[in-house]
Amino acid sequence: MENLTVKEKFNWPVTILLLLGLFTVLFPLYMTVIIAFKQPSEMTNDVIGLLSFPKAWSFDNFREAMRVTDFWRSLFNSFLITAVTMIVSIAIHSLMGYAVARNMNTSKFYRFSYFYVVSGMFVPFAILMMPLVKQTAQLHIDNMFGVIVLYVVFYMPMNVLLYAGYLKNIPVALEEAAHVDGASTWTTYWKIIFPLMWPMHATVAVLTALGTWNDVMTPLVIMSGSGVNTLPLAQLNFQTQFGTNYNLAFASYLLALLPMLIFYLVAQKQIINGVINGAVK
Amino acid sequence: MRKVLLFSLALVLCIAGTVHAAPVEIELVQYKPEAFRTFDMLAEKFNRTHTNIHLTISSPNEPVTILKTRFIRENYPDIIGIGGDMNYSNFQDAELLADVSDYKGLANIKKAYIDILEGLEFVPTPGIFGVPYMANAAGVLYNKDIFDAHGWKIPESWPEFLKLCDDIKAAGVLPMYFGFKDTWTTLAPWNALAVDLAPADVCQQVNLSRTTFTKEYRETAEKIFALLKYAEEGPFAYSYNDACTAFARGESAMFVIGNYAIPQILSVNPNLNIDSFVMPGSDNPDGQTLNSGVDIMFCVMEASKHKDAAYEVLDFLLDPENIQLYVDDQNSVPCQTGTFKLTPMLDGMRKYIDAGKMADYQDHHYPSEMAVDAQIQTYLLNGDMNAFLERFDRDWVRYNRDIITKLQKYNASH
Amino acid sequence: MKSQNERKRTFLMIAVPILLLFFMFNTLPLLRGVMYSFTNFRGYGKFDWVGWRNYIDLFTDSRVGNSYWFTFKLALVATILINILSLIMALALNAKIRFKSFLRGMYFIPNILGALVVGYIFSYIFTYILPAITHAASMLADKNWAWVAIVIVCAWQSIAMNTLIYISGLQTVPEDVYEAASLDGATGWNKFRYITFPLIMPFFTINMVLCMKNNLMVFDQIMALTKGGPAQSTESISFLIYNNGMSGGQFGFQSANAVVFFIVIVIISVLQLRFLNKKEEQL
């Protein structure tokens, strides 16, 4: 509605600068695409050869990459792990962030809990890896379920930090009003606070999803020998110390990139919608 | 009710068991993902011809990480196929591997390779803990077409090799290409020279404080540095893949590397005419040794419950027909005696293989965390040989402290 | 009063199970790791207790010392660079520009690609394309410049995420604040300095801390670009811990390294948070 009444004036100099700046993003991407289409015999070590188009725009590399990685099955596993991790993370981490943010200033316990969880962010994964391998095996969760549990724990510190920070901007008065009306804390949270945090949910979703989607190490060590592959695990097929097929590898990277790109575009709309909702209040 | 059901179920299973004995499951994990097709084929053939044993071979990526994590979980395969390197030494030292000296097939394995395995043990242990299967060989690969066009001869001594490099350079051709950005590639010329110039058991000698690396590796260090002026400018910018690509495209006449590089080179240029020769590190033509190690061997895990079945699998894999199958697929050199048809690309090394004039890669004795490859790269960059050798000796003691103590304790008691 | 109790109970019922889960899969393995730091454990098989040896070694190991120097140099420079650039990007992408969604989408792509993939692409660029333009040797082959190449790649990839966080921060700034400021005659830099920046300060804090921490733990970029070379000049702490601890046989020693590294990062981050929170209060 507003767009019609106030005529929108675009900031063209900034737009043009941003468009020019896109070169820094597009150039490496261009390299990825042309390498993905080339054959190993077309790979050269000189600049012109590197930048030139492939001889033929054939999708053979993509087909072969899909076959080698057992694409649909790996995609499904990756998708399942990422989606479940994301949903569980948003639910649990936002709750924890809420509990911490609302009590940190009055309670030593929550203050301690906050620093305890957040400090987990700084633990180098390499030191946890071997003990975790042993622990997940003993609990018989050396499978996708275990990987999801580990992700939910890994991303907890950062997400709690983000949520707790965001809740500082949401006034307590809103909840108090609901309390007066007799709603429980639990209901108030889901009815009032949770929906207010959409922009942060979107950010957390993007961060968590990207981290899990691209991660190799955790599924590699936790699920080794189980025969279950995720996309990044399957992509290891393309490189060994004694030879890398960059063409197939890049083709498969491009394939793995698409779902995330779509996801991001959706999430981005959510961030903007969240603000519109906020403006409505 | 439930008990009855369970009982009858157990009964049915028992009957089924006696009528049709379930085959013994044998799991083999091997560490060469690039050979997965060959192994899949062998497993399929095995299962077709054997009803009493069912064999599963897996060829995972990141195999060493996977094996280690499985060991942490105490989830052991029956057989592992690994290389003759520090991992073997560590697994053996951790008492994970079974003694297979009672395995009959060992009689047909070339002694040189069994000796290599013995040499890899931190502390001499009675028994044999692996069955060498395939060997690899490293030295110089050369572009036969370029060599033939200029009439260049294969050098037999270090002065001849330098002369050849000068000739190649004078003809306007780049003598060799290095991919030193990947530090491990510095070990290829290093090993190839060291087998000619340093004693094969130098590491053990140092552990017993009988000599120093400063003394034994000086000549190797001098000679590897001399190669730099025959390589492309700034070899530290290029990776192993780049070097393979350059050599495949005829940008250099030679490539100091092992037979494991051949598939990658051919993937860029399938028509390249490659042959090889032994790196002539010694000034004396009779002093040359081929750099050859155990590329893959099979170790039966101590935890395996089916040692007999595992031996049956080994019998199958060591069958000359199956060895030839593997050799054809992977351009490898078998560790077994007997006549096999090898790839012509290793013709230049054949003489040494047949005569058993070979020695293991020295780096198979270096702990990977010491990063000798990176130290060689550092030295090649700054040219400070004394600093390099001093550091080698100093770091060696620090990274091998526990092994040295163990070995000295062993020597004191034997 | 009753509702106060209900509120307390609900919070406890949320926090306690989550804390337990966290303890199980983060603290417990960490404690085991600390235990291993007093052994010569290889990761499997048997091991001996070695007391404080690993910790003593740590302070006399020049390689560990170099890795600390390299990692901190890299993290500091990259964090500052990334935050300045992402703040500028966020302001630009939040301005009234044409093709807003498209541009935001495009600039986010670097973050979707895995760090390893980005590393491979850039290693092509640094090895072949840049030298052809600058007529100089590859940055990756020069031990004085290789770290700069890593800074560039880290920045290229992280700017997207930091920009996104700044954008979501900028969105919390109500439009009427700007309108009020404009009426008061505030423009450009002043508007940013006195109005926008204070309002997004919490996001700045989060970005600085996260970014610093990510850069201190740099690993993938190193694996893809240099593997610690040339001449061991780009060995980061995480690289050493993983490479020598997991791939090599130094699990015990590198556990000690990881324990010390963990303490160091926590101290840095706490100091950072203290400092930035103080600033937040001042504004």
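A, B and C are the chain letters, set down in written order, and residue numbers restart from 1 in every chain.
Everything that follows uses one rule, which is that a residue touches a chain if its C-beta (ideal position, glycine included) is under 8 Å from a C-beta of that chain, and two chains touch if they have at least 3 such contacts.
Only a predicted model underlies this, so the values are computations on that prediction, with no experimental measurement involved.
Across A-C and B-C, the chain pair carrying more C-beta contacts is A-C. Comparing the centres of all chains, each the average of its CA atoms, the largest separation from subunit A belongs to B.
Separation between the centroids of subunit B and subunit C, computed from CA atoms only, is 38 Å.
Subunit A and subunit C have centres, each the mean of its CA atoms, that are 15 Å apart. Counting partner chains per residue, subunit B has residues 65, 72, 238, 242 touching two or more of them. Under the contact definition stated at the top, the residues of subunit A that touch 2 or more other chains are 45, 130, 134, 246.
Multi-chain contact residues of subunit C, defined as those touching 2 or more other chains: 43, 246. Those residues of subunit A that touch subunit C in the shared complex are 8-12, 14-15, 17-19, 21-22, 24-29, 31-32, 35, 45-47, 50-51, 92, 95-96, 98-100, 102-103, 110, 113, 116-117, 119-124, 126-132, 134-135, 149-150, 152-154, 156, 158, 161-162, 165, 168-169, 179, 184-186, 199-200, 202-203, 206-207, 210, 214, 216, 232, 246, 249-250, 253, 257, 260-261, 264-265, 268, 271-272, 274-275, 278-279. Chain contact summary for the complex, subunit A toward subunit B: residues 40-41, 43-45, 130, 133-134, 137, 142, 220-221, 224-225, 233, 236-237, 240-246. Remark: subunit C residues 40, 42-46, 48, 57, 61, 123, 127, 131, 137-138, 140-141, 143, 226-232, 243-244, 246-250 touch subunit B in the complex. Chain contact summary for the complex, subunit B toward subunit A: residues 29, 33-34, 58, 60-62, 65-66, 69-70, 72-75, 184, 238, 240-242, 244-246, 249, 251, 260-261, 263-264, 267-270. Taken in their complex, subunit C has these residues touching subunit A: 3, 6-7, 10-11, 14-15, 18-19, 21-22, 24-30, 32-33, 36, 43, 92-93, 95-99, 101, 103-118, 120-122, 124-125, 128-129, 132, 156, 161, 164-165, 167-168, 171-172, 174-175, 202-203, 205-206, 209-210, 213, 217, 237-238, 241-242, 245-246, 251, 254-255, 258-259, 261-262, 265-266, 269.
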